[in-house]
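Look at the two complexes coming up: subunit A is in both, with subunit B in one and subunit C in the other.
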Partner chain A sequence: MHISEGVLSGPVLAGGAIISAAGLALGLKKIDYESLPRVALLSAVFFVASLIHLPVGPSSIHLVLNGLVGVILGWSAFPALFVGLVLQAVLFQFGGLTVLGVNTAAMALPAVLCYYLFGPFLRRSGKLAPLLAAFAAGFCAILISAILTAVSLYCSGEEFLGAAWAILAANLPGMVLEGVITSLAVVFLKKVRPELFGKGPTLK
Partner chain B sequence: MRQATSVIFFCLIMAVAGLAQAHRTSVYAYVEGGWIKGEGYMPGGGKVSNQPVQLLDAGGKVLAETKTAQDGSFSLPVPNGQPPFQLVLNAGAGHRATFDLKPADFGVPEKPAAAQKPAPAAKQAPMAGVSAPELCVLVQQAVEKSLAPMRAQLAEMTARSEKASLKDIIGGLGWIAGLLGLAAYLKARKMAKGAR
Partner chain C sequence: MSNANSKAPSRGLLPSLDNALSPGPVGRLDPRAKVVVVFIYSLQMALAHSPLMPALGVLLGLALVGWARLGWRLFLSRLVAVNLFTAFLWLFMPWQLSLGHGFLGLSLTYNPSGLSLAFLITLKANAIFLALLALLGSSPVKDIFHAMAHLRVPSKLVTMFLLFYRYLHVMRQEYLRLRQAMQVRCFQPASNMHTYRTYAQLTGILLIRSLDRSERVYQAMLCRGFSGTFWLLDHFTWRRADTWFCLISGGVLIALALLQWSGISWR
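Entry: the complex of A and B
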């Protein structure tokens, strides 16, 4: 899902950069003294998660965990994922510096969306609702990221359906895996650190 | 803080488990006997099969095209134009890799002026029954043959060195910790100023 350098066209790169800059500004504003370590921690989780590869079919998939980062951090997912992506680009040539904006937007926008869509259910007290919501968050975050990646490739001249199917097919096992891991992580964190999900949108 | 420690510990364990690989595409190539031979791969394992490879000249014009085989390998005839060339492997879904073939890779010295002076010894070539150009070809073939295993080894080493190393992973985590410290410092200073 990390798009390489030299694939996207100029306007797409610029668009991604603008969206990411706006998201970063908003995300940084939302960080207070209390939540700062949480942002850094999840940034580290994202940074390492992307290095874990599982062989699936002819290729391999890696964890992204942007759903998990999103439901806990909300808009602050932007700075958390951005820092992780910068380090991955510099240290491992994952993606690249010019595509940082697009890659950040493609991973952080779904994260924020999951925060608003599934966050309220995650904060419920029951057992089943948070579990299902966490699975949906992990699953949908990758799904939407894949769609955004396909859209940015399409805007750069690649055929949309071909690119979209290839990316969706490659990421389908990843979506299920992320769903499972996100739900496990949320159930565990709710048990040991319920305050992580304390603030945020709730159902009335 | 216990949570932080356990998460970092977890990250490190996963990293040490040897699962860490850079998820990107790479391409490597060399020239042998009039052919450009190469391989597309994912560092740390995995071959890039059935993906288009293009050979571009310095101006970006496509000179030749092919597809990688099941094992990621491909070969293209050396084109007529002037090196340097660039190989572009497009692995789809936004993954792309390039490899530069310099003039030296084709046996052409970087400065062609030096090559134009014919070596005086080559003209005489006193081998029985073998003319100078023939001898040249024979030597070239012999050298290429003995270089082949070294080239394969070099390709493998390149592939391995591109794997994300534990050093880089720990370095990255250190950066995140440092940024956290910096942000906390700035926030604390702001709060102290506000309190005054």
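Entry: the complex of A and C
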């Protein structure tokens, strides 16, 4: 769901950069030196996980997991996803430097939203509520990301309308898949490491 | 074994996670200069309105890539990856969807302005990609992160970058090891719940191992007296070639800015 360089208009690029800079500042402020290695290593895992391709019918989809990033890390999702995107730009020239702001915002804003919307349900003790909340987190994170990507395309020009709809449609199977993977992963994590989604703030 | 080491580290399951060493002169330039130049250049190209400037940019970028001598295979594979997105735009942008009449109440009309915009975007995307590949793709990743630290990127962010990048390799090894274990147990990925559950648990176990490892990493950092400063060991030495590079690219960037400002187009 990356937008490549040279597509978006100046105001959209500036808007994305401002949102991401604010999110990054807030996220970095929440990270103290003790949790810095933890966030760094978690984002390394998310980067590795995003290289996994899952078979879906005749095709395959790669994981994004920004819903899971969000419910685990909260505001720290901004720096965690940002470092991955910077590495992609430096390593694969995939989504360059000027779209970094828009791409970070499109991935990290839904993650933070999921943290506030679904995070409290994941801490419940029952079985069904965390399962459903995790599915919703995975599903909605991709949905909102796709909407933000489509909107940033459309704001850059009327001509992008078709492409914006296509991005939304193309991400539909991904939303369901992310929901399934996120819910199964949360069930697993709650079983193996209950304190991860324990009472109180995440990971503290 | 020494022979095997001289080749690219992995051409198998996943792409290598570091830039190949560039034998060309671009690879020896100071990463600080390269980061600054490529950033200003990207901004300029991204904000261009007429196809003339990105077209010049593509030529400049091609020259830089040739100068960096990164190898054809790498260049072509990245070129294809970048242009998949632009191909997607070529497919969708020349058409305008309107409601009201025609088949199913929808009608597609040809829209020439979309086509010219797709052309402009393709030029811009490639101009920026070529410069990124030549300038950033020719330095080791850790040098670029160090350059960011020297360019006053917040130290917490740079520390995170360095730890992230260092342990990315470890976590990838961990992942490959788990994959191997799955293959030994005859795991066959398919579109079914078993596959998805397995991958979800694989992600989960990677997360838990990274959490445990991060505790040990932090303890090891404390043992070595970590108190918020992540000491950098690379202090780049500025050479005369770097000054020349800055002067020439500064001149080119100013010329491009003047071109943009004067509003000259090729029509």
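General observations
Going forward, the second predicted complex is superposed on the first by the 177 of 204 C-alpha atoms of A that agree within 3 Å, B and C clash if a C-alpha of one lies under 4 Å from a C-alpha of the other, contacts with A are read in each partner's own complex, and residues count from 1 in each chain.
Convention: contacts are C-beta pairs under 8 Å (C-beta built on N, C-alpha and C of every residue); 3 or more make two chains touch, one makes a residue touch a chain.
Because the structure is predicted, anything quoted here is derived from the model rather than measured.
Taken together through their common subunit A, the two structures put subunit B and subunit C in a clash.
Of the two partner chains, subunit B is the only one that A:H62 touches; subunit C does not reach it. By the document's definition of touching, of the two partners only subunit C reaches A:V180; subunit B does not.
Look at A:E34: by the touch rule set out above, it reaches subunit C but stays clear of subunit B.
Of the two partner chains, subunit B and subunit C are each touched by A:L87. Once the two structures are overlaid, the count of subunit A residues touched is higher for C than for its counterpart among subunit B and subunit C.
When the two structures are aligned on the shared chain, A:S50 is found in touch with subunit B, with no touch to subunit C. Once the two complexes are overlaid on the shared chain, A:T149 sits against subunit B while remaining clear of subunit C. In the superposition on chain A, A:R193 makes contact with both subunit B and subunit C. Of the two partner chains, subunit B and subunit C are each touched by A:V7.
Touch criterion not met for A:L113: it reaches neither subunit B nor subunit C. Annotation: subunit B segment clashing with subunit C after superposition, chosen from 114-122, 132-140 or 186-194, is 186-194. 2-8, 31, 33, 36-37, 39-41, 43-45, 47-48, 51-52, 55, 83-84, 87, 91-94, 163, 166, 192-193 are the residues of subunit A that lie in the contact sets of both subunit B and subunit C, per the superposition on chain A. Those residues of subunit C that touch subunit A in the shared complex are 14-15, 17-19, 38-39, 42-43, 45-47, 54, 78, 81-82, 85-86, 88-89, 92-93, 95-97, 111, 113-114, 117-118, 120-129, 132-133, 136-137, 141, 144, 154, 156-157, 159-161, 163-165, 167-168, 170-172, 175, 189-191, 195-197, 199-208, 210-211, 213-215, 217-218, 221, 226-228. Interface residues of subunit A, counted against subunit B in their complex, comprise 1-8, 31-33, 36-37, 39-41, 43-45, 47-48, 50-53, 55, 58-60, 62, 83-84, 87-88, 91-95, 149, 152-153, 163, 166-167, 170, 192-193. Contacts from subunit A toward subunit C in the complex involve residues 2-8, 10, 13, 24, 28, 31, 33-34, 36-45, 47-49, 51-52, 54-57, 63, 65, 68, 72, 79, 82-84, 86-87, 89-94, 96-99, 157, 159-163, 165-166, 177, 180-185, 188-189, 192-193, 196. Across the interface of their complex, subunit A is touched by residues 3-4, 7-8, 11, 14-15, 19-25, 42, 44-46, 49, 90, 92-98, 162, 164, 168-169, 171-173, 175-177, 179-180, 183-184, 187-188, 191 of subunit B.
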